[in-house]
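Chain IDs A, B, C and D follow the sequence of writing; residue 1 opens each chain.
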Amino acid sequence: MTGYKVIGSAVQRSDALGHVTGRTEFFEDLNPPGLLHLKMARSERHHARLAGIDTSEAEKTKGVVRILTADDIPNNLFTPLKLIGVEPDDEPILAEGTVRYRGEPICAVIAETEAAAYEGAAKVVVDYEDLPAVFDVEEALREGAPIVNEHQRTNFFTYEGHHCRRIRFGDVEQAFAQADHVFEWRYQSAPIEHAPTETTGCIVVPQADGRLRIHSDTQACFFTLDNTALILGTPFNKLRIVGGTVGGGFGGKVDVVVEPVSCVAAMLTGRPVKFVYNRREEMQVSSPRAAERIIIKDAVMSGGRITGRQVTLYVDSGAYARHSPYGTTKAAAHLPGPYAIPNVWADCHCVFTNRTPSSAMRGFGVTIADFALESQMDRIARALDMDPLQLRLINAYRDGDLTAHRKPAEGTALIEVIQKAAEMVGHDLPAEFQEMSSWQS
Amino acid sequence: MITAVRMPESAEAAAEAAARGGRVMAGGTVVMAEVNTGPVADTELISLRHAGLSGITVNEGVARVGATTTFAELRSGLGFLSEAIRTLASPTIRNLATVGGNLFVPQPYGDFAVCLLALDATVEIAEGQETPIAEWNRRPGEIVTAVRFAVPREGTWFYHKAMRRKLNSAAIVTVAAVVDRDTVRVALGGVAPGPVRSPAAERVLRGQELTRDVLDAAGEAALADIDPRDDAYASAWYRRRVLPVHVRRAFQNEEA
Amino acid sequence: MAKLKGRGYASVNYPTGMNLGGDPSQALIHSTTTGTFVVSLSSVDLGQGLKTVVAQCAAEVLGLPFENILIDTADTDTGPHCMGTFASRGTHRVGNAVIMAAAEAREVMLAVAADELEVDPGDLETDGTGFIAVKGAEEKRIHITDLALAAHFKHGRTISGRGIFLKEQSTVVPETGEMDPDSCQAHACTVAVVEVDDETGVVEVLEMHNAYEIGRALNPAMVTQQVEGGAWMGMSHALFEATEPYYPARDHGPADFTEYLMPGPADIARQYSVILERPADNGPFGAKGIGEMTANAPIPAIANAIFDACGVRVETMPFTPERVLRDLDALKGTT
Amino acid sequence: MPSSVVNLTVNGREQEFLARPAESLLTSLRDRLGLMAAKRGCAQGSCGTCTVLVDDKPVMSCLVAVETIEAAEVRTLEGVADGERLDEVQQAFLDGFATQCGFCTAGMIMTAEALLAENPDPTHDEVVEAISGNVCRCTGYRAIVAAILDAAGRRK
């Protein structure tokens, strides 16, 4: 055994007592006196020029305190990964001149009650001039496609001068030329919502010393604080985030979408403000897992050895970048899957369309790639009339193999989990496959 | 914005309140969801909770079910409907949702309305008049007080609902039917803007043994009576494609 | 009508830690006057159990009972910086930072104990129950409560420690994609057993067999939670979920849990799970991240099982009854 | 806006408070009475996180206009434990690692309380049906179903 006393033991979760007694505090369990409610008037169009925004009726709504537009946000244009140097700023907190997806926030209505905020938001009159919209990644990349986001200039995110994130390892063309078989198939996924039971939200409470205390269900306190401070143009120490209890995250609560506008509302009214997505907003407006399209072309020898793999990946970023450029890089780093393939070529495109901006979600870049890669492995095995586990074992990466991104593999155990799974379901493997090991070549 | 909630204490008072305008609410499962999450045009809610409209009576084989009887109450009150009610939302919702309210929910919800159509139920309106459900159209200010139907003889009631989940899911296709020696009524849900009867399927089934061939023919015939739509659960194509399968399964007692 | 049964396989790896590094997390730890160790963080527990596992790490390093550890998070005024909870980085980054902080605190703890017991710190050991004792002379010992009181009121010392974990940022060579994106890789193989209704295209997942290699299972019960919950999510992604069911059209987007389909408690598969451990050199006690990856292998395992069952190759997620049935029809040549 | 005076017995205590027209029981519990265990996951009856017992029946409190249940008995998760002593359902959830993020837990436990009060020895399928309106996005449900069955066993 390991000799550890606490590590490796199933000690009770430290948060479970609070959960089963209902005492765990989530951000919305705070109810400060004088709380105002913020609701958004959102774009009803996929892509449109905003010819006019009339808030006069909304302002007259009983209980409405104030309405915010883009002009009220100090640094309205941002991108959350600017903290790690990603450019350009491409997304407004509140729409400015153009809306690029249905559901994009235009005006924030602040009111004494939730009902009044909803009613005010419904009374904002927006005059749209529709622009051509594009909803498909490959159509978006075609010449002449309408430009989704002029801050990005093109419908793809630019990686150091390249139109995509690339992997170039070995020579796939030669592998295809020398292969016994070449297989090419296509895969696609739908956008998927994080669907946390607790929706995204925050409550901002102005403090006696002029600072703002932000109660949030963010997954990343300082990330949210830093981005919010940049948007507000305030010193970082004017803000304080109190969080740490999240009713389901799954990557959906790192976008910094509710805090900045709530802070502006709290600063301008001098009162606590709550902005929490309703269920419809969570399902349709909050960023989903990106829809992906993946084309895999493999060079395969008759014995099952895969000698070349070419992958073309399109990640649908929606109208704005958010975390998708990083997710696309993460996908590239994951290719060609857990296999030692000597020739790998990948073009991973982060594409802008007029859909809800996608962003981080549990394993993004990897989850959908695994669907494609492991479907591909099954198809190859069937095409060669091979045992699907043996095909994987033949190609499995081991310690010391150089990955396609040129990092020596270590701590690998793909072979061992395959052997274990085979054992679990009574899938017989010949002796040579049972004796394989990830840490011996 | 809602500025008042009326709570009439009789059917007559409810009808009077409704005649003056306002949104009628029974269990609240539809109306409160709207009130909670967006602007509502109405300024008044008329709650039927205290209008004395709940309760089940069975007289000489005819059941009268008060409009605000919940599905939880109905499930324990009328055994033959148990399976149908099991497919309807979740137990917590069934503690609130009412028989009357179910008449007003849009497809692909409203499975009980499909049952009522198959049962050839009548709808009782506050004024005391009854209308066969197949001919009934809601008029503004009208309050449903009860539904009435003959309890089918044992072995003559058929119900089958195809869902995306095994429990708590809207209908892909709902089939409810009464098939007796001299009675054949087939009602379908999920496949049209409202619940529909299928005269074509009924013609095929009338007087026949419910053999595989007959059921297949009935299922095919039923396609003539539907007008399916796309929604979040299924496409119109899919509903049309699987309708014959589910018509057959409704009578075959197979699992979905 | 037939229910067609099939089995499918998928094997995957998953990176621990934010791609490309440059994502530090810090931990501060100090003892109260009575020997409770407060770990100050700004890290967020999403329900995956971060607070519990890092408390286990602190307890193990300090050699004290789990109950002696309190986790204080997540307040940016009181907790030191953390990049956030994502990318399966929490246990790895924060665990390492806590271990470093706890090791520093342990050194002070042993130094003060050495003063109290008048021995060399190197001769001391912790027993996991709260005592610091002289190796080989267990009667010569001091309890952490007495020790903390002495440190504070007699020696004027804080028993505390600082920790940070930083994986240096790697830049990508844009021409080739050369990079050092991760800290370690965990592994999984899932076998799914499904049944396909050949008249309706409905797929039911009957069983999922999961073999996971995750470096070290810091808390096996919580590992099981992740494996089971993730496999459910994978099954949900595979068969049900889409915010735009008619992609690329944006029509009929589900707006609530009624329309947004996920398997309910009646739809879950029987699960069998086995955990293997191959400790990672850079992981806390060898642990690799398991939070995200558990949803991944089930998806292709189900896709492959569907093919095994009925010959339909699903290429588009989710594998709805409609998609399966259209392909079944095409196979039969009926459309 | 005219508010109504509402009287309820909540967890055995008589409560009188003002509620806005069409205010949900959930809002009253949280905003008027400070009982925060019931959660707002959707406010539409689709998630079950706000489930409480009204006259012993589990209902989604977001769907109940509070003024329509004047004088009702309401029980929330705050009223389940006996002081610091957990009841069997709570203990089974704790011991069975049936919570992760914890947001669905209050609704799950209250649904289970109602089920076990009515049916002390439920089958697996009866437990599954009882919680079929309660969404959990973390656990995959198995541990929750197991905990409820375990709680039934503990009560025997």
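In the analysis below, contacts are C-beta pairs under 8 Å (C-beta built on N, C-alpha and C of every residue); 3 or more make two chains touch, one makes a residue touch a chain.
If you're wondering where the values come from, they're calculated on a predicted model, not measured in any experiment.
**Q** List every chain that touches both chain C and chain D.
**A** Under the touch definition, chain C and chain D have A, B as mutual neighbours.
**Q** What's the farthest chain from chain B if centres are computed as the mean of the Cα atoms?
**A** C
**Q** Tell me which of B-D and A-B has more C-beta pairs in contact.
**A** When A-B is set beside B-D, the one with more contacts is B-D.
**Q** What chain lies closest to the overall centre, CA atoms only?
**A** A
**Q** Averaging over Cα atoms per chain, report the distance between chain B and chain D in Å.
**A** That gives a centre separation of 28 Å.
**Q** How many angstrom lie between the centres of chain A and chain B, each centre taken as the mean Cα position?
**A** 41
**Q** Please compute the C-alpha centroid of chain A, do the same for chain C, then give the distance between them in whole Å.
**A** Chain centroid spacing, chain A to chain C, equals 18 Å.
**Q** Taking each chain's centre as the mean of its CA atoms, how far is chain A from chain D in angstrom?
**A** One centre to the other, that is 33 Å.
**Q** Would you please write down the residue numbers of chain B that are in contact with two or more other chains?
**A** If we look for residues of chain B contacting two or more partner chains, we find 2, 35, 37, 167-168.
**Q** Can you list every residue of chain A that touches 2 or more other chains, as numbers and ranges?
**A** 10, 12-13, 15, 115, 195, 245-250, 278-280
**Q** In chain C, which residues are in touch with two or more of the other chains?
**A** In chain C, the residues touching two or more other chains are 46-47, 49, 221-222, 233, 245, 253-254, 256-258, 260, 262, 264-266.
**Q** How are the chains arranged in terms of who touches whom: line, ring, star, complete or other?
**A** complete
**Q** Please output the residues of chain B touching chain D within their complex, sorted ascending.
**A** 2-5, 7, 25, 27-29, 32-33, 35-37, 45, 47, 49-50, 72, 86, 89-93, 95-96, 167-168
**Q** In the complex, go through chain C and note every residue touching chain D.
**A** It comes out as residues 46-49, 221-222, 224-225, 228-233, 256-258, 262, 264-266, 268, 271.
**Q** Okay, in this complex, where on chain A does chain D touch?
**A** 10, 12-13, 15-26, 28-29, 31, 113, 115, 194-199, 245-250, 278-279
**Q** Help me check something: in the complex, which residues belonging to chain B touch chain C?
**A** 162, 164-170, 172, 230-235, 237-238, 241-242, 245-246, 254, 256
**Q** In the complex formed with chain A, which residues of chain B make contact?
**A** 1-2, 35, 37-39
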